[in-house]
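Shared between the two complexes below is chain A, which pairs with chain B and chain C, respectively.
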Partner chain A sequence: MTALLSVENVSKTFSFRSGWFGPLTTLDALCDVTLSVAPGETLAVVGESGCGKTTLGRSIVRAQPVTAGKVTYRPPGHDPVELTALDKRAMKPWRRDIRMIFQDPMSSLNPHMRVFDIVAEPLRIHRLARGQELEERVAGVLEKVGIPRDAMGRYPHAFSGGQRQRIGIARALVLDPKLVIADEAVSALDVSIQAQVLNLLEDLKDEFGLTYIFISHDLGVVNYIADRVVVMYLGHVVENAPTEALFERPRHPYTEILLEALPIADPARRMRRAKTVRGEIPYLGSRPTGCPFHTRCRFAEDRCRTEKPALRKVGETEVACHFAETLELKGAYGDAPATRTFAKA
Partner chain B sequence: MPPTPMADKPLLKIEDVEIAFSSPDEADIVAVRQVDLSLYPGKTLCLVGESGCGKSVTARAVLRLNDQNSLIRCGRIRFSPSDGETVDIAALKPDSLAMRKIRGNQISMIFQEPMSSLSPVHTVGDQIDEMIMLHEGLKPKDARERTVALLDQVGVPGPRERANSYPFQLSGGLRQRAMIAMALACKPNLLIADEPTTALDVTTQAQILDLLKELQEEYGMAMLFITHDLGVVAEIADEVAVMYLGDVVEQGNVFDVFRAPSHPYTQALMRSIPTIARKKERQRLSPIKGTVPSAKDRPEGCAFTSRCPYAFEPCAGMMPGRTSVSGNHVARCHLLTENARKAEVPA
Partner chain C sequence: MTAETLPREHVLPEAVPVRESQAGLMWRRFRQHRLAVWSLWIVAAFYFVALFAEFLAPFEPSAYNPRYTYAAPQGLHFSYTDEEGSWRFGPYVYGYKVEIDQAAMRRTFVVDKEVRHPVGFFVETKPYHLLGIIPMNVKLFGPTEPRAPLYILGADRLGRDLLSRLIHGTRISLSIGLIGVVLSLFFGVIIGGFSGYYGGWFDSVVQRVIEFIRSLPTIPLWLGLAAALPRDWSSLQIYFAITVILSLIGWTELARVVRGRFLALRTEDFVTAARLDGASDWRVITRHMVPNFMSHIIAATTLAIPGMILAETALSFLGLGLQAPIVSWGTLLQEAQNIRTLASAPWLLLPGVAVVVAILALNFLGDGLRDAADPYGR
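Take a look at the complex of A and B:
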């Protein structure tokens, strides 16, 4: 199937001065990122904090320019559009199709605006509705996310965290988007509220035929909601696989670490965790040469320290590891094989 | 793994504690009611529940760190260190000499945000040195040797050099380790950990949990560990207490509680977390409806009545007592009392 959106070789470098007269520092937040999302798919993007997930989302919605590479959007019934080549004006109509939901509903909702105006704002900006019609559309979408019509006149602080997230979702959906990028949208919520919002996101997806890019650091949630998972490390895509393949048999040692670290809500399984999880992400400014992960990888060899592995296909998976074919890594499902054998390539 | 038998004598016994907050223009808010908890040397008790349910208020009461407008309305907090007399912490003045001796000496606390217990203007090493000098009367040079050994033990690489870092120069994980080192400097009998891994990446969290378990084995300390994550509970707890709106609704051995959650709230919590399962075995989450009411709107009787799918006649009228499920596993639910039909755990 042709992708709804594809990201090709996108890099993003931030440069900033530390202090007034400090040296100009650069920081590569995204390095040659390539991925795509099919219509109707939920694609999860996972990785530790600082690995570039938010930067990827912001690059797709053009909240910031990319340093290199291109992002192509293929609207149904329309020629493909290279978003990265558009200026602000030309980009505007496509902003209706691609919307973002953020982690912290409080900081993303203007506290001085009533809920009605928060949700109506995108419709006003795009001049899509006014008067009675505007009111009906706003009330309709709020109802869909479970906020009653008579609450439209209140301000965000009068709502709980879960309700605020629903308002953020309503604001994203009011423009009938095709693609929704949810950046840690459920991460700050208590588990029972998180479950409500996850169910809501699934229902809305079915009802409106949405496609999701679901950014999260929680692999439990990702296993539940995603069709496919992209694992990022220090700005690189290191693995990209269908959800079940990734959890059944990870191909990149970093993915294995993430799975291993995941606390499982079953005390009977606690003994199975070995001590594979080690090290911390290095500071981005001092990115290792060769494979970005080699400093924490228990399989690292000389080659890994000098030669950067490219993303390549192994089975259903795309993976960037020199030894992906031969590594037997441990998955996260029930009684996945616990053996780890390592044969040199 | 069979449940480990408890040593007979608890290090800390919280009995029937109620904590309220007063405000000048409103009625008192009862944050925590009828809480009973026992902590044993070398064992970990996890307090788990959603935000606002009273976990931190309970933990801070043990060190008498709650805000000035708080009041322990009733109950006892008996602390019985092996080398001393039993004291009732609830009866001490928060700023009394006896309380200060316990705080940071026999009982230490670590927090979600290490910066709340580390000073930003002193190096990590100087801060730990000072603790050690205070508690062990060592000379600065010897104290630094202990500090370096401690930092090494908590997994700070290059501890001698890192001791000279300021907290802001360390990563979140290293800062958490430095705070743990400081909490351990006085060899506490009890470590209270209030969501110490909540702000960390799962990888760092896994390392910190392992570290705390290791240190507990070595120091034999009891641990009161607060979290909102049932995965973390399953990972680290010997005993677990589930809180809802100020009440401990269910508590007991962690294996028993996870195998047979018996309070409808505990069951609902467990059904709200996605299980790590293949697609065909996966089920739609079935969360509880609505949200937790605030403490001042707490329903009469069982606090969970307003959201409980099984609520029946007695629930709205009477707070349920503790009913034994098995062993030391108890829950507060009318369904469990003799005449009621059994709560069904939906498969």
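Take a look at the complex of A and C:
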């Protein structure tokens, strides 16, 4: 199956000066990121704060230009479009197909616009509907997300966080998109509301035939919604695997740490859990040489400090670790011993 | 869970007033600020006086009478007992009698309670033009006897009525504040807007220029610029030149406010959302950003007016702003510059009271607006 959207070797470097004559500092938010998402798939992108997952999302929707690499969109029944090569005007029609849901429902809705106008805004910008038709389309999509028609004239402050997030979803869906990028779409919500919104996203996916790129730091949520998971660390993709495979048998030591951080409901099991995480995430400006993870990895060797591992296929998984084949890492379910076996002495 | 199964009570919050607009919210919040509401009325009264100065003032500001130099305030009275001892109602002022101050060897006017000059409402005077366009020949009030003195707030050294001059001065002083602020706002919003929205080197340059302008001591700068105005300019030209000079500094403050709001809003998610909707820069700015800081701009503007009025007053007081025959609060206070005048005619300081009241009222009004501008307390 051809990918709906593919990201190839995308890098994004932010550079800034401290003061007028200060040294130029560069910060690599994304390093050579390659991934793709198939039509109908839900791809999750996970990682700690500052790992570049939000930058990745913003680069795909062209909220900011990329430094290198390309993002290609393959609309069904149309030639592939290289989004990164388009200028603002040429990009505009594709904005209808690729939409974004934001993290903070408090700041993502304009407090000075009525809900109707917020959801109608994309339709107006693209001149897709007006008058009665506009009202019907907006009311229709709002009802789909559970906001009744008679609440359309209200301002966002009259709604709760969960309701606002659903309004944000309605705004994304009103243009009948193909691909929706949800950047931490449920992180700011209460757990009970999270479930509600996740279920809504699932239902809408089936109904509209959507493809999601779901950016999150919450593996519990990811396990629930994603078909495939991309793990990012310091701007690198370190592992890309089907959700089941990733949770059962992680291939990268960093993924193991992430899984270990999952809350465990059973206190007895929680006590037995070994604490393997160590160190802080390094400052992006002073990225380690070699494998980006070697400063915190308990399996790190000299090779890791000098040679950067490439993303390669191991089983179903794509992983960037020199020892991916030999590491026995703990998954989220079992208590497999975390040992390293050497294939060759 | 599908949309249909969402519990309805969770979807619709009760007790929230339906469809309250931004302006409605702001007004509700503003009304809670009692001082600001009072200030609003006071400011409105001031601008009413400024607008209808010709009608409200009993005399022309330049009408003089050498018979009544430094005449003391008469005060306005409403009831008296007539010769038969019966109680009468009707506005009147007392007349004056001349006394010779033996020590200072000066004539002084004292209020003579024996003489009463009736005051009438809507009295006919010689024709004039309200606002310079509407021909009228009626004043709100004035002496019914043509040659009777009427100096409710006293007279100055040429026997001119201080009340009339104060009313006419209100027009000049308040309008200079308003026009100056409009000019500042124009430059401030455009320069600050570009600076905040596009950022980069333009922003840096603009900020350094603003810092430079603000580091100049204002009074010497104004003095220098005012002194450079050609002598042969008409008083109207001087008036506009002074407003331009005042707003030369004034725009920097507003530019900073606007830039700050642009910087803050530029990274807000709803602005990003609008850009990702495919909205043009113009649409993003006018539909999504400006409405979000309009209220701040209004508040900042209101707070900038007092500064303008004070600056004009200071310049005119020093004799470098507006010049006679233009009457402003500053030029009126110029009359009260020396201690001898103050000792013998303290009522000439009344324009100072007007300045204080107007400035305080505008400041409180601005505070109230600023507080009300953020109904969500974000």
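The definition used in the following text is that the second predicted complex is superposed on the first by the 329 of 345 C-alpha atoms of A that agree within 3 Å, B and C clash if a C-alpha of one lies under 4 Å from a C-alpha of the other, contacts with A are read in each partner's own complex, and residues count from 1 in each chain.
Here is the rule we use: a residue touches a chain if its C-beta (ideal position, glycine included) is under 8 Å from a C-beta of that chain, and two chains touch if they have at least 3 such contacts.
Since the model is a prediction, treat every value here as computed from it, not as a measurement.
Undergrad: Touching A:P80 in the superposition: chain B (first), chain C (second), both, neither?
TA: So A:P80 meets neither chain B nor chain C here.
Undergrad: After lining up the shared chain so the two structures overlap, which partner does A:G140 touch, if you call chain B first and chain C second: first, second, both or neither?
TA: It touches nothing on chain B or chain C.
Undergrad: On the A-aligned overlay, A:S160 touches which partner chain: chain B = first, chain C = second, or both, or neither?
TA: Both: A:S160 reaches chain B and chain C.
Undergrad: Thinking of the overlay built on chain A, is A:N199 touched by chain B (first), by chain C (second), by both, or by neither?
TA: both
Undergrad: Counting only touches as set out at the top, which of chain B and chain C does A:V221 meet: first, second, both, neither?
TA: first
Undergrad: Regarding the shared-chain residue A:V61, is it in contact with chain B (first), chain C (second), both, or neither?
TA: Only chain C; A:V61 stays clear of chain B.
Undergrad: For chain A, what residues appear in both contact lists, the one with chain B and the one with chain C?
TA: 160, 163, 196, 199
Undergrad: Can you list the chain C residues touching chain A in their complex?
TA: My answer: residues 1-3, 6, 8, 11-13, 16, 18-22, 204, 268-270, 272-279, 283, 287-288, 291-292, 375-376, 378.
Undergrad: Write out the stretch or stretches of chain A touching chain C in their complex.
TA: Going by the criterion above, the answer is residues 20, 61, 63, 91-92, 95-96, 99-100, 102-104, 106-114, 121-122, 125-126, 143-148, 151, 153-155, 157-160, 163, 168, 171, 196, 199-200, 203.
Undergrad: For the complex, give me every residue of chain A touching chain B.
TA: Within the complex, chain A touches chain B at residues 48-49, 160, 162-163, 190-196, 198-199, 202, 217-221, 223-225, 243-244, 247-248, 257-258, 260-271, 273, 275, 277-278, 280-281, 332-334.
Undergrad: Contact residues on chain B for chain A in the complex?
TA: The touching residues are 1, 50-51, 171, 173-174, 201-207, 209-210, 228-235, 237, 254-255, 258, 268-279, 282, 284-288, 291-292.
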